[in-house]
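Encoded as structure tokens, here's the structure I'll be asking about.
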Amino acid sequence: MDFYRSHWVLTFLVFAPLIGAVVALVLPAARARWVALWTGVIELLVATPLFWTFEPVGAAMQNEVALPWIPNWGIYYRLGLDGISLFMVLLTALLLPLMVLGSWTYIKDRERVFYAMLLALTTGVMGVFVALDMFLFYVFWEMMLIPMYFLIGVWGGKDRIYAAVKFFLYTAAGSLLMLVGILYLFSRYQALTGESSFAYGDFLSLPLTSGEQAWLFAAFAIAFAIKVPVFPLHTWLPAAHVQAPTAGSVILAGVLLKMGTYGFLRFALPLFPGAASADTTVLLFMVLGLIGIIYTAMVAAVQPNAKRLVAYTSVAHLGFAVLGIFALNVQGIQGALILMIAHGVSTPMLFFLLGMLYERTHSYEIEDFGGLAASIPIFALMLVFAALASIGLPGTGGFVSEFLVLIGTFRVQPWIAFIAASGVIFAAFYMLPMVQRTVFNSLTRPANRAIPDLCGREIALLVPLVAIILWLGIYPRPILERMEPSVGRLIERVETSRFVSTPGEAVVASSASSSDEGIRE
Amino acid sequence: MLSQILFYFFAGVAIVSALMTVTRRNPVASALWLVGTFFALAAIYTLLGAFFIGIIQILVYAGAIMVLFLFVIMLLNLGNDFEPDFRGTVWKVMAAGSALVLLALLVRVVGGTESLLVATGGVDLVAAQVAEYGVVGAIGVPMFLDYVVPLQVTGLLLLVAVVGAVVLAKRDV
Amino acid sequence: MILRVQQTAETVVAEAQAGAFEPILLGLIVLLPLIGFAINGVAAILAARTAERRRWSSSSHHGGSEGEADEYSNETHSVMDAEPTGVVPWTHRLPSLVAPGVMLLAFALAVANLFGMMGVELEEPIVRTYWSWIPVGELQVEAALQLDQLSLLMTLVVTGVGALIHLFSVGYMSHDPGYPRYMAYLNLFVFFMLVLVLGASFPVMFVGWEGVGLCSYLLIGFWFSEKANADAGKKAFIVNRIGDFGFLIAMLLIFVDLGALGYVEVFERAPQLDYAGPVVTAICLFLFLGAVGKSAQIPLYVWLPDAMAGPTPVSALIHAATMVTAGVYLVVRASTLFAMAPAASLLVALVGAVTALFAATIGLKQWDIKKVLAYSTISQLGFMFAAVGMGAYVAGVFHLMTHAFFKACLFLGSGAVIHALHEAMHATHSHADAQDMRNMGGLRRYLPITFATMAIATLAIAGVAPFAGFFSKDEIVGAAWIGSAGELPLSQASLFGVGGGTWMGMIAILLSIAAFLTAFYMGRLMLYTFFGPNRTGEAERQHLHEVGWTMSVPLIVLAVMSTIGGFFNVDSLVPIVNLFSPFAFGGDAALHNWLHPVIIGAEEVWASNTAAIPEVHHASWPILLAILVGVAGLVLAAVVLKPQLLGTPEETPAYEGNLEKVLYNKWYVDELYQRIVVRPVWGLSRAFYSVVDRGTIDGIIDGVLGRGAMLLGLSAGRVQTGQVNTYAFIIIVGVIVVLGSIVVM
Amino acid sequence: MLPLNAALFLSAILFAIGTAGVVVRRNAIILFMCIELMLNAANLAFVALSPYAGIDGQVIVFFVIAVAAAEAAVGLAIIIAVFRHAESVDIRNFSLLRW
């Protein structure tokens, strides 16, 4: 049982997909998808017990390890798991087999390379969530880029090259800034203590002046803001989603975007708490998040292409996550984390459905659909459910997360929360017309009349997602409990090292200040 | 005092013939002016006390390399009906300008060294070695002792050059 | 099953004497409809599966049949055409048993609890916590249900009227191919309504709040193959969402200012806020915005008339009896907060009164029988909001209850009429509009029971003496007159600088006119539908016959409730009303005493914050005025309107003269919204996409950076001329630069 | 002894003339001559400094001469090869190696 105490579970989770990728490449094409499926299933079976073996009590990292990798530069193979990264690992492990199932009949050429890329991508993503050595983190961060580039570039839609290159350049540019930040930290640490190390723990203990913190925070924040994506840097996402194959869109929306918010919570906030909690930063990111919510919701409404519409909605959703993170209180951050999971389940469901629809109608344009409920009722049922989960109907994960984020934001910036709450209306404004034009209305196209409904495989693929969405909405308590200590530690760190210069946080409704002190236990 | 006068004389010859090499349109003329430069340089070498190098300069440079040049010019019959191969006036101005700037910089850089070297008091280092091993020995001993590796490499280089030249110039039969 | 319920009732009553009251199977009441939904849902999926498999088998024979696929369109109402074998499949028979059965069980449990609670004087509400829903820091939201007098009353209304409507739906919808799906949605709706009503905290109520919004979206757009129906459903959901936005903001304010969201804690800590202060007023205004969205008051009422696109029982259940009353329930539940914010309460009353009148005027000139009833519902809701706005919370709840009875009866009656007409038109394949009154006329000869029940309900809604409407509506109008005389706590408050009393005077007048118009348009509806010559056409007339028992029984029960409903709250103090006090159920002003513990919080707030009111004396003239207004409306309709002159839609135009034109076109409010809200938002969205997203952001990234890099590359390339001199020159420049930097250092 | 600076100035001048020649002339042969000139300027500098910096200067001169010879040989071979193909030694015929 100590397998789950030690770091071996994490090492297995990170490198099993890579081994699967190699095997998939070697075996003949027909075998590739089965190898990928088995790897995914094993990955999921190994990962699920983590949910129970993870003690929610301690706030410190669990399953830690620190093996020398390149000792003379102080680069160690350092892994660790805590409340924030646990659910991201589980989400990735869940999505892998589903993605393989989703692209069972979708991918017809070069299956071997496709599944190898998919598995390599999972290794990269899993590595990002568990790495505690900044160098190792950066390696995995870059490693994730290449397979994703090929996924979009090779198996994508019409102008996939444009989308793939744009995706690559955006993320790479951001990560270069982050690299500069990491190296600067490394040099400061070396100058201060003499020996060299990239450990996350060491950088945490590094005293930085406010100027340094500001610049370093900016470097990290831009890299993560591109990934989230935050408002002005978001235009790569719709392009990438429209061109990506189903599995590409699912992993992109399900997990890759969360690397941005995870990055903020793991690196940007704790490493540079002073800069992160400065009023200007908080206000800037909250306003950007707010624009992200309202603006992209409105833009989403007018999209002719269903996938592009869903892509813009995920920008809107993650706008909420940004709000939650920079509310810097327990409700806000827990809301952001729940949103990362809820969005990581509801949006992939939408993309799977659109993928299935594409396999039947060979189009993502909304006007090619219409009245599909008459011909494929089960699909219609699933699409309506996924749309409602995405809108954040109470009883689904979406509501719990948006509610927590709004409460968190309201305590810090009432006006921003007020406008953000109108995002609830815009959510209905962009999702319902799409659902109606796709599933309801009269069945005009004769071609749509004869398309087959969802088969067993497809339903088996969607049922776990539906279950998790409902579980998140109805009984999120076990998840919230497991996150509480880590989030508490993060907030406590940000609060204690707030700059003396800024006179405390923004004016919170006066009468609430009494209740605030109580919260900050 | 005589040597200084001779030095300036030969320096003047060298500069004029260098300028003529560059400016003559006829390749043969410029080749011959180049030979003139080499002779002036050889004289300056001897004035500076490097008699062996002066001799070698004439023997190898003027004798061998320039002959090779002239031979090639004759082989390719470039001596006559050559059209002016100067580039546009823009390039002329740019070339002259960059040359002057380069000159100014070199002079500026080089100018300061004498005071530095004199300070190190190494004026008659060479004279001592020449006295001990003789003119040729003074160069021969360090070449075969300290610089034996570069020597071998240079030998190899020359071999490669010869083989290369033969292969390149040979008519593909 | 019924026996067991009786036993539990006796034990409970016995136990009640002992003072302790334990709610019976509270969780089960809520769970029953959910179980119903699950069963019907599975039936619906299997029905869809079999239909699709048959379509594949049949279509694979002769390449897809046209008729099959539009089985979902509402023209072919009957599953018979789609069902070649003639026998009704089990997936269609099962819901007929499960759906009403589940509702009856829930109603029985509610009644059991009623008996239990009647005996004991329950001061504190009973809260049952099932699990901790969102435990984050100081925010501890429990998934808990709360049982007190108000929530029990609402449960009774929801399950009672709901059960009747489910029974009615069995007759009305059983031939529809999507019948199991319909029953599943209906059960799901009742589940969410019960969660809304029995929730113990604002977030749990919000779950029900949006859940009923979802179900009304699904049910309005039930015949989704028609674009108009799907649009109506979408419109309902989005407008409801605007209301839910208000509710959400209110919850945020409550949590940030009071630190909790459960009712008990919130109403305990409410006095901490300063009386009539900005915070509590903001909370109440946003709560009211939520109520306006859900209960279709000005300005967010536009979705209700369009919601008539759904099946008629849906209109009866959702858009008359239960969902739309959620707003009133919210205000009564948060009465302590509203008492703390007099300005907000007065605004609620004012909006209610204006909506009552405004909707009544539109109702005058509608030809679609369901549209008339829809605007009547909006108007009656206006009455309820006026009541609760003025602080007469019990009057509001009383009218809510009676309205549930007679409006459900009216809607189901109109459903029966439409169903009969449909059957007739279906037989003769005529495509006339089965809902247009101009196609009806003289139906009392063909649909006697429906006519009788609707007549009773019309008298009730008009406020004619013994019927329910008389007691409840006139109590509201009475309260308005009393308030204008300054004898209500809120008459001392002021809104926009005008005193509460004067506002209530205006409200009284508005309500009286609205009452008169209500009587008039209800009279008009009855006249055109049931009196005068029959205009449905020769061939169809033979096929006109009374509807089956499953549809008539609910009508009769509701008609009976409309008659006796008024006697639940006979106030002996009021002069004319006290004539009926001997017949009152449960003693004098039974409902007032029953609900008193719920509104104690509000009364304490008034006691501590407003001047004591001397003795409230009830004059008799308001009641006389009310009776006069009701009767006058009906008589005027009978006199003025000539049903025999009315022709079919082709003959009589929809309106003559521009006043009627304005009324028929609903004061052009929809068009106004379209122009000032919907179109600008779409325009802005398109502008955002094309100008900002494509234009500037992508323009900068792709254009400036992308193309800029390309151009830079090209121009740099030109330097490579291939000639050695150029390269030599570049090298020299390099040398110069290096030497230069050395010299400069 | 001879003024050191003068010799160094002379080598600078010769070097500058050589560069000017390389940039201006189009004839390959003359180009090579200018390069030889520049090499000689360098040799002069070596020799001028050798009394101060030691005999190594003069040893290096020999290597420079050797390199120059090798370079001249290969260069001229290339010129012959190109000439055979393009009938002229103008370096514009050598301009294929570009983007």
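Letters A, B, C and D mark the chains as written, and numbering starts fresh at 1 in each.
Going forward, a residue touches a chain if its C-beta (ideal position, glycine included) is under 8 Å from a C-beta of that chain, and two chains touch if they have at least 3 such contacts.
No experiment lies behind these values; they were computed from the predicted model shown.
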item	value
Most centrally placed chain, judged by C-alpha centres	A
Centre-of-Cα separation between subunit C and subunit A, whole angstrom	38
Inter-centroid spacing, subunit B versus subunit A (mean Cα positions, whole Å)	69
Centre-of-Cα separation between subunit D and subunit A, whole angstrom	64
Centroid distance [mean C-alpha coordinates] between subunit D and subunit C, Å	97
Contacts with two or more other chains, residues of subunit C listed in rising order	725, 729, 732
Junction residues of subunit B, two or more chains touched	87, 91, 94-95, 98, 102, 106
Junction residues of subunit A - those touching two or more other chains	none
Touching pairs among all chains present in the structure	A-C, B-C, B-D, C-D
Contacting residues of subunit A [partner subunit C, same complex]	166, 232, 234-235, 295, 298-299, 301-303, 329-331, 334-335, 371, 373-378, 381, 384, 388, 393-395, 399-400, 403-404, 406-407, 410-411, 414, 417-418, 421-422, 424-425, 427-429, 432-433, 436, 439-443, 446, 449-450, 452-453, 474-477, 480-481, 484, 508-509, 511-512, 515, 518-519
Residue numbers on subunit C that touch subunit D, as the complex places them	717, 720-725, 728-729, 732
Footprint of subunit C on subunit D - complex, ascending	19, 22-26, 31, 91-92, 94-99
Subunit D-touching residues of subunit B, taken from the complex the two chains share	3-4, 7-8, 11, 14-15, 18-19, 21-22, 27, 30-31, 34, 37-38, 41, 44-45, 47-50, 52-53, 56-57, 60-61, 64-65, 68-69, 72-73, 75-76, 78, 82, 85-87, 91-92, 94-96, 98-100, 102-103, 106-107, 110-111, 113-114, 117-118, 120, 122-127, 129, 138-139, 142-143, 146-147, 150-151, 154, 157-158, 160-162, 164-169, 171
Subunit D to subunit B touching residues, read off their complex	1-10, 12-21, 23-27, 29-30, 32-34, 36-37, 40, 43-45, 47-56, 58-59, 61-63, 65-74, 76-81, 83-84, 89-90
